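Common to both upcoming complexes is chain A, partnered first by chain B, then by chain C.
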Partner chain A sequence: MNSIHSSWSNIFIAHIKRDILTNSRSLLDLISIVGLMILIIILFPLGLGPIKEKLNVVSNAVIWVGLILAIIPSLEKLLLKDFENGWLDQIATSPAPLEIIMLSKAISYWLIMLIPLILTSPIFAILLDMDLKNIPWLVISISAGSLAISLIGLSGSALILGARRGNILLPILIIPLMTPILIFGVGVNEAVKINESPFGNLFLLLALTLIYLVISPFISALLVRIAIGR
Partner chain B sequence: MLYLEGLTVQRGNKIVFSNFNTIIKSGSITLIKGKNGSGKSTLLRTIVGFTPLEKGTIKNDKKNVFNNNEEWVNNLIFLDTKTGLSKDLTVIENLNAWSTMKGWSSNIENLTMALKSVGMDKYADLYISQSSEGLKKRAALARLYLSFINKVDFWILDEPTNELDKTSLVLFKQLISKFLKQNGTIIIATHDLTIVEDQFNILDLDDFKKQRVL
Partner chain C sequence: MFDWLANPNRFKKSTNKLEPLLMVISLLFIIFGLYFSLFDSPKDYQQGDAVRIMYVHVPSAWLASFLYLSLAVSSIFYLVWKHPLADLISSSIAPIGALFSILTLITGSLWGKPMWGTWWVWDARLTSMLILFFFYLGFILLHNAFERKIDGSKSASVLAIIGLINLPIIKFSVDWWHTLHQPSSILKFDGPSIDNQMLIPLSFMIIGFGLFSLYLIIINVKTKLIEKKCEALILKLNLKEIL
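Showing the complex of A and B:
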């Protein structure tokens, strides 16, 4: 029994390695995410006009909304590429459960696409004139919330496999699921702004992440099985 | 022995086949033929366990294979027209990823031997995005060689020879006869009944459907 589980973890890690290797060969997805994020960050201050105080009010929300919107186009391709080239059929013949492999997909997506956004978020915060004391909390809250975002994104990506017009369907389906993440994520920094403890919001954010960590691999695996059974 | 008993498979509203029975002997090769759309691929995908069964069972030596799905899928190699090769990886990286995905140790010697078995050792570092359809198919067929190192009893292949040239066809036939000697069971869906010279069984889906009508 033990050997089976050790081989599961090997497969888990090997799959993350494969995804990172695949994505490192074509950086276009990553560039498009970061590019879109930068555009959103630049457009907002231009739209708000020259009053500096307005920016401080919205900066926190703009970063979170920007993050969610920027990753939508790449979520669509998260599983679709592997579905079209037949890799999902092959991983369904793996001794490791599909749930484990789906979890590895979410983790590798988080590592490849969201870590760069987390690392660059302090720059975005400075561009949006956020207080310096808020920046560490922004990084912490985005780190916690973005894992949940990638898990929700994975389920959404599994849902549209084989659907025509999936690219239009996807944002409509998954953005509502991401609203709790947005509310508590923004809540962390709003609490810091008014000198309250941010931990209430942060723990709720972590709790949501853990809930999605448990259910999302199962939902995604079920949806993938339906997609390859058609 | 693989017993397919009373298989009924439905895709959407259409019944692909109903009450389909057959026995596939161990160590034999079975060619599934039939018109386009007669359900060859669906039958293969049903055997692997992708397409859910409406009714019926698939038994391997009296045991329902889907009771222990993990053991079943680990015991077979499935190769579709969609090969599962990532175009961003090289031939050997794809084989390595596939082999570790199967939970097999993938040391470089075995992988090189596998590529050699289909004449792909020269192309090990070629990106899939740059290779032709025939090379892609051969890169996928290299996986079959790994079943001589690890325990696999079934090959389930959908149109494996479509893009192959004559030399690779010979290599593919060598793989087949080697696997049959190991008492492996091969199920192939194909239009080309000349791909094997050994003794083989034919499963004609058109015939089966005619019988149902009569």
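Showing the complex of A and C:
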């Protein structure tokens, strides 16, 4: 029993290492995701006018919406490369459970793409004139919700494997699923703004993350098996 | 029973008699329901004649959610027992459900303008109904997005089951968040809080809408069965030419 568990964790860690290695060879994806986030952030002061009070009101929501929109183009390629070059076929024939591999995909995506966004989010908050007392809570709420976002993104990316024009389809499929994360994530900081306890929304956000952590690897593995036809 | 109905030929035979009957009954229900609701039901003491929008709004809202439930159930049937007919049924339900959810949103906003003074509010129930529409849309798009049709059917079925999370949110949104949309007045533990004079035409409309959408679904499934047969015939002919 013990050996099985240790081998599963070995598989898990090996896959995370592989994903980090392959992604570190070209930083283009990472640069484009952070760049897209900055561009979305820039659009709002341009659209609303550079009035500090207005920006302060919307800053929290803008950063969350920007986070969700910025990762969509990269989600499309999350499984597609491995699908097209046959790696997923190979992996599915191996005795290692596909669910573990899917979980490692979500975690490595979170480590590679979302951690940089979490780390840079205080800068965006200052750019959008957020109050200083809100910034720690913004980072906490994004850290809590971003894992759920990457898990949903993994399922969405598995949904469109092999589809025609999947890149157009993907946002329509996953944005409705991300709405609860957005609602509770924004709710954390809105509660801080009116001097209430943010923990209600934060715990609901963490609960959602845990639910997706359990469900998403299974759904993604099921969808990958459908896509490779076994 | 499901295995028995899952045979396409048996499905066709048993629905051949049902189909005209369903059309007549559903039209009767809708005609009587419309007469009662438009001419022979009382005005609301607050809302006046505008309350009559309810007789279209509530049935379509109910059907939009109920059809989603049936879509998800037939998707489960397709994924678990792999009945091809279940996939045909879910792909026939989806456009009808999408239409009902749009109808709900349109009648709702027509009703909201005189009553709430606005076409649209970001109320929990309105938003969750809009998201339901996007699940229908996603299902239809994903179903048609694949080269191999069977992949599309399977992926879309999974999406339909994921979207099931949205249904309890729609149902209980008016109780969880007290916003502008009024709470439920029919399906309650202590009986309906709506007067019989309004409840009777409303139930006529709900039954009529339900039977009519069943009729539409049966026609849709039959058309798709014929399409499949044609495809198979064409494949056979092509094969003969090659050989």
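Before moving on, here are some points about what is shown:
Methods note: the second predicted complex is superposed on the first by the 228 of 230 C-alpha atoms of A that agree within 3 Å, B and C clash if a C-alpha of one lies under 4 Å from a C-alpha of the other, contacts with A are read in each partner's own complex, and residues count from 1 in each chain.
Everything below uses one rule, namely that a contact is a pair of C-beta atoms (placed from the backbone, for glycine too) under 8 Å apart; a residue touches a chain by one contact, two chains touch by 3 or more.
Note that this is a predicted model, so its numbers are computed, not measured.
In the overlay built on the shared chain, the residue A:Gly86 is in contact with chain B alone; chain C does not reach it. In the superposition on chain A, A:Asn56 contacts neither chain B nor chain C. Contacts of A:Thr22 after superposition on the shared chain: chain B is touched, whereas chain C is not. Touched residues of chain A were counted for both chain B and chain C, and B has more of them. Within the superposed three-chain model, A:Thr120 lies out of touch with both chain B and chain C [touch as defined at top]. Of the two partner chains, chain C is the only one that A:Ile160 touches; chain B does not reach it. By the document's definition of touching, of the two partners only chain B reaches A:Pro97; chain C does not. Residues 229 of chain A lie at the contact with chain B in one complex and at the contact with chain C in the other. Taken in their complex, chain B has these residues touching chain A: 11, 45, 48-52, 70, 73-74, 76-78, 80-89, 93, 97-98, 100-103.
The part of chain C that touches chain A in the complex is made up of residues 127, 131, 134-135, 137-138, 141-142, 145-148, 151-152, 154-155, 158-159, 162-163, 166.
Chain A meets chain C in the complex at residues 155, 159-160, 162-166, 169, 172-173, 175-177, 179, 219, 222-223, 226-227, 229.
Residue ranges of chain A in contact with chain B, taken from their complex: 7, 10-11, 14-15, 18, 21-23, 25-26, 81-82, 84-87, 89-97, 225, 228-230.
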